[in-house]
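Going by the order they are written in, the chains are A, B, C and D; count residues from 1 in each one.
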Amino acid sequence: MSGNGFGHTFRFTTFGESHGPAIGCVIDGVPPRLSLSEADIQPWLDARKPGQNRFMTQRREPDQVKILSGVFDGVTTGTSIGLLIENTDQRSKDYGEIKDTFRPGHADWVYEQKYGLRDYRGGGRSSARETAMRVAAGAVARVILNALVPGGIVIRGAMVQMGPHAIDPGRWDWAAREQNPFWCPDADTVPHWEGFLDGVRKAGSSTGGVVEVVASGVPVGLGAPVYDKLDADLAKAMMSINAVKGVEIGAGFLAAQLSGEDNADEMRMGADGRVQFQSNNAGGILGGISTGQDIVLRMAIKPTSSILVPKKSVDRFGNDIDVVTKGRHDPCVAIRAVPVAEAMMAVTLADHLLRHRAQCGG
Amino acid sequence: MSGNGFGHTFRFTTFGESHGPAIGCVIDGVPPRLSLSEADIQPWLDARKPGQNRFMTQRREPDQVKILSGVFDGVTTGTSIGLLIENTDQRSKDYGEIKDTFRPGHADWVYEQKYGLRDYRGGGRSSARETAMRVAAGAVARVILNALVPGGIVIRGAMVQMGPHAIDPGRWDWAAREQNPFWCPDADTVPHWEGFLDGVRKAGSSTGGVVEVVASGVPVGLGAPVYDKLDADLAKAMMSINAVKGVEIGAGFLAAQLSGEDNADEMRMGADGRVQFQSNNAGGILGGISTGQDIVLRMAIKPTSSILVPKKSVDRFGNDIDVVTKGRHDPCVAIRAVPVAEAMMAVTLADHLLRHRAQCGG
Amino acid sequence: MSGNGFGHTFRFTTFGESHGPAIGCVIDGVPPRLSLSEADIQPWLDARKPGQNRFMTQRREPDQVKILSGVFDGVTTGTSIGLLIENTDQRSKDYGEIKDTFRPGHADWVYEQKYGLRDYRGGGRSSARETAMRVAAGAVARVILNALVPGGIVIRGAMVQMGPHAIDPGRWDWAAREQNPFWCPDADTVPHWEGFLDGVRKAGSSTGGVVEVVASGVPVGLGAPVYDKLDADLAKAMMSINAVKGVEIGAGFLAAQLSGEDNADEMRMGADGRVQFQSNNAGGILGGISTGQDIVLRMAIKPTSSILVPKKSVDRFGNDIDVVTKGRHDPCVAIRAVPVAEAMMAVTLADHLLRHRAQCGG
Amino acid sequence: MSGNGFGHTFRFTTFGESHGPAIGCVIDGVPPRLSLSEADIQPWLDARKPGQNRFMTQRREPDQVKILSGVFDGVTTGTSIGLLIENTDQRSKDYGEIKDTFRPGHADWVYEQKYGLRDYRGGGRSSARETAMRVAAGAVARVILNALVPGGIVIRGAMVQMGPHAIDPGRWDWAAREQNPFWCPDADTVPHWEGFLDGVRKAGSSTGGVVEVVASGVPVGLGAPVYDKLDADLAKAMMSINAVKGVEIGAGFLAAQLSGEDNADEMRMGADGRVQFQSNNAGGILGGISTGQDIVLRMAIKPTSSILVPKKSVDRFGNDIDVVTKGRHDPCVAIRAVPVAEAMMAVTLADHLLRHRAQCGG
């Protein structure tokens, strides 16, 4: 395998480059008789879509998904689901310059080293365009989770830090994130980020960020004791997203500083006869298995490498050069990572839900 | 799969609990004709072994590994390698108390919820005892890496933070880490950590830590553009280690704060005609593929959950209780995570090296 | 996994039903820098295409394949290859009758039992239409085999028995099979089969057949000693083709009747200093590993279950009924199995070739 | 993967050679809370054990299995199960002769070609000794099948042909097979086979055979429409057994001769309101999915290649030689294949049962 798929029991495999005719995926393992149509997938793609405001690349794609198989009379048949999105915004362009140039921070040079060639148009397979299929697969995963878990599972992401500017967790408000272009869960922070990002953009620079994803309603017991731990698979899922450089669960890196008594989440029997955790430093996962608390996960996203500021590099002929990356680019790719991270949470949970069914029934 | 293995082309699968008769593993995919004997594995196990000083659990196991198959006349045959370590230190003990108790921070409660029962002796499968087989498999992976990569690959881990006390990276000295019980790469930090940890231990408490692992000599081109990225697989590998709550590569979470121009690693042609990176914020991986620079990875380890400080919990009968975990425990499990993290780096690299050979030859 | 893919290191995953908008697949693991275009795939699809003579279903599809990704400037990039074939011949049809009926010999009833529903249009996923993607993936596999194996690998199939009428192996002539609609390697047999099959067709009946596939030029050493033996994977590959009920390698079932001395293929050193086998009862595979001789494999294909002869069955409402399957059907599906069997041989060999590279280099 | 495991959701991975210290396996995916002890496994190993009569190799091993993990207080814990059998009958022997010799019909030469070396002691990994772990894993699979399928699943194998001498299927009597050394289901055939096999043995020759395995009580719906069809996985399972050269399901190769109307298994509603098939040419599998009828499968086993009759061969130095294989050998390995084939049926069904649970619940 050269690794173009994710998951075991629920598994999707993607194909497609930013400048080919289309991108697509095959989803394997979907249970039968679940209601599914393009209308279940399209809204999530629309939320991810670039070009929606001045803080995103102006590349515009309708990203219209088509279900090519696996659904009949409005429900899944249990056979593989083929999804396709045609690439429509492939501006004809002179790649002469970029063709022989390696952009710092990009995968250009390592691709050329590994494969002996690369598709230099828009980054080829390394383009964030591939993440559209993650979002589509994530939408199918949500359908599974909501159908099989009583009460459903709510998966929401938010940007909690832009460059050096973090939100105040005490002011977290999920409703707020729908009303700004940053998925920011704090309305007061928004104008500050707008100002900061305008400055970054005007300087031809870029900035990183931190995204948090929370899954609520996850049943107790998903995961495994070793290797295919739920948190291990989530770490892989998130680190596989473009530009992610770090992942932490619950208290994460802060846990390294805590004492055992401060870190351990105490338990008490609730009035309803169910166990109640008194805190959630574990981020909803203990020993690789979900506790039923919210799964809380953060990831660090590096600044866009495509910037107007000149950077030292080399070309294919072994010359030292200076590179400036023109074109349509996001000053902060972390924004667009939010729906992708949500999707990867959904597919990982769906996979583990089905794996749990295989072993433990129910 | 319930997930007891790791890797694809190089794959090992483990079994065993802390209080069963033995632990072991099967390693599949090892190339033939590599020199291998117990002497290649035992030293790594010895380095991991508990009971070596006052900062580690006093559980003492010789951890003597036996190669049961796959080696003939001193070399690998290309068939599966079976490894076995007998458990010798299984003190007879009254588990009456722990049997019906759920310890906060441990996997006790989620195991019982998932499986409807658990092996309560020493944590069963969730015990860090399982990591001995990771270290053994890692030793075999090192043999592969050193045989197939000209010049070999050096994988070294160090503890860079204990509780809130981080080392000064400017004083990093690999030689120092061999001379203290903490794998600390700074001799001056050692007495401070000793004092701190003695205090923690005497208080019946515990502390977390941060471990850094560095792989030098990794060839350019290992990894894949999506999903099975080298960093994604490393994130899974590390997050699968007991008590790890966060993983970062290169600049990691700091990258979120940087500008694009500060983060991008510039390139220049070296005097030897080879590309030289001017910095390593990427941590040796771009677009999921190794750059040939050092792979640099850090992980956060939570404090040991087994402490003498009483914590609120519940028992199997639905009663609120207070739990105190007696017995032999590490005040800082991060110390023992160092050789395990090295091993997981080795197995991930070996897997990707063989996967690269499959697709790209060489 | 619900099993819509085949292979490990070379792996393809398909989607699509006979009456959906399109069928397609993703191929993962293809080495980079191999020359590939639609022209490498289309001829194999054309050879498989139905409607070419009176002995095949009159369903006519141009089966025009499109490469959607993974190829740039005429060569493979090492990333996943997406292939698509649009379904064009979807006659509007009243399925009212078939909808509630279970056809004997078909998967109708078991689908309904397993999934609680089925796509009854043309058999849905169980339609032989899916085999077009096998042929397309097989064409890509041939490109790999021919690029990586000096001299290339020739894979050819032939029909060696139609109903009870077997060819005389002594008259085998590969050139002959191109000149008749049956892939029959004996020109003298063709008129007999024509007469037989015309009778079958006019009677509204159908007949089975035996297909033989031979791979020449396979290097010594592909395969593994246990489980993923080359013959075991080939058996799975062939048995996964629609209507196949038996697979044998080399002497096959005849070997059960032989003595050890008659069965064992003796060896002698050839004048060229290479080992020469004196016979090939093994069919080119010993202990799960290729010997370098021709790989010879036969499979039994049952008669088409769609016939005009009425058969006893039941409907979805639990009534006894008599079923007659009208429409466009092949009187002998074994004919169309030939290119599919060749393709499955190619993908299995490509997978094992890459797996061998991973472990043993070269 | 170099392929030392079998199965997906229920998966076992084996290690060990005939002349190493031990053989063993890890079983992954076993559901929790199933009653399991060595007593559930040992009887199946005893039935397979060599040395029980004059028609089997006189190599004697007690084959005492030990459960090393995954079972606590008499029930499975859901974690991986480690099994171990020590090799006790490793006669010290001079391998000088065999060391440089390639035996015709054996894997000696291909091993040497593939790996550049081989463990020549008793065939190394290619020894039938490895099948002991298949039988052990099969015993665990039976526990799963009987626990999860109401009424349980009965899996029985029989030898139906020895050399050219087939039984009369009309005289089939399961009770008979327990009372003869051949697993022959027809008492009248036994003396004929005894005479035949005595002659074979005295001539220093060997003979092949055909084994049939029948699984009764299999629920409707196990399997998948493409690739991971139940029959495809069974074909792989059986073809992976040493010396097997052909596999057929239901009518098998005979189906190739039948007309559509003779082959299709008609259906009628039974008095109990359940569908009744009127015949079982399908062998219990349609479209890759179990029908609920008996699964019926036959496999051809080649004659033992180790014979006293001299055969032409070559040695490691490129000389033509004549080989005679002395030592303890079965004149008809098909006998010992019976319990192994049963075990492979059990593991394949257990795997598909759990896979079905994952996708379709229940």
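By definition in this document, a contact is a pair of C-beta atoms (placed from the backbone, for glycine too) under 8 Å apart; a residue touches a chain by one contact, two chains touch by 3 or more.
This structure is a prediction, so every number in the text was calculated from the model and none was measured.
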Farthest-lying chain, centroid of Cα atoms versus that of chain D: A
Same-site or different-site touching of chain A by its copy chain B, using the half cut: same
Chain pair with the higher count of C-beta pairs in contact (A-D, B-D): B-D
Intercentroid distance (Cα basis), chain D paired with chain A, Å: 46
Length of the line joining the C-alpha centres of chain A and chain B, rounded to whole Å: 26
Distance between the centres, which are taken as Cα means, of chain D and chain B, whole angstrom: 39
Set of chain C residues in contact with two or more other chains: 1-5, 8-9, 14, 29-30, 32, 78-79, 114-116, 125, 225, 355, 359-360
Parts of chain A lying in touch with chain C, wherever the complex brings them together: 1-5, 8-9, 11, 13-17, 20-26, 28-30, 32-33, 66, 68-70, 72-73, 75, 77-82, 84, 114-119, 121, 124-125
Complex interface listing, chain B residues touching chain A: 1-6, 8, 14, 102, 104-107, 109-111, 113-116, 125-126, 130, 161, 163-164, 200, 205-210, 220-229, 231-240, 245-269, 273, 275, 278, 281-283, 286-292, 300-307, 309, 311-314, 318-320, 334, 355-356, 359-360
Interface residues, chain D side, partner chain A - complex: 9, 29-32, 78-79, 148, 225, 354-355, 357-362
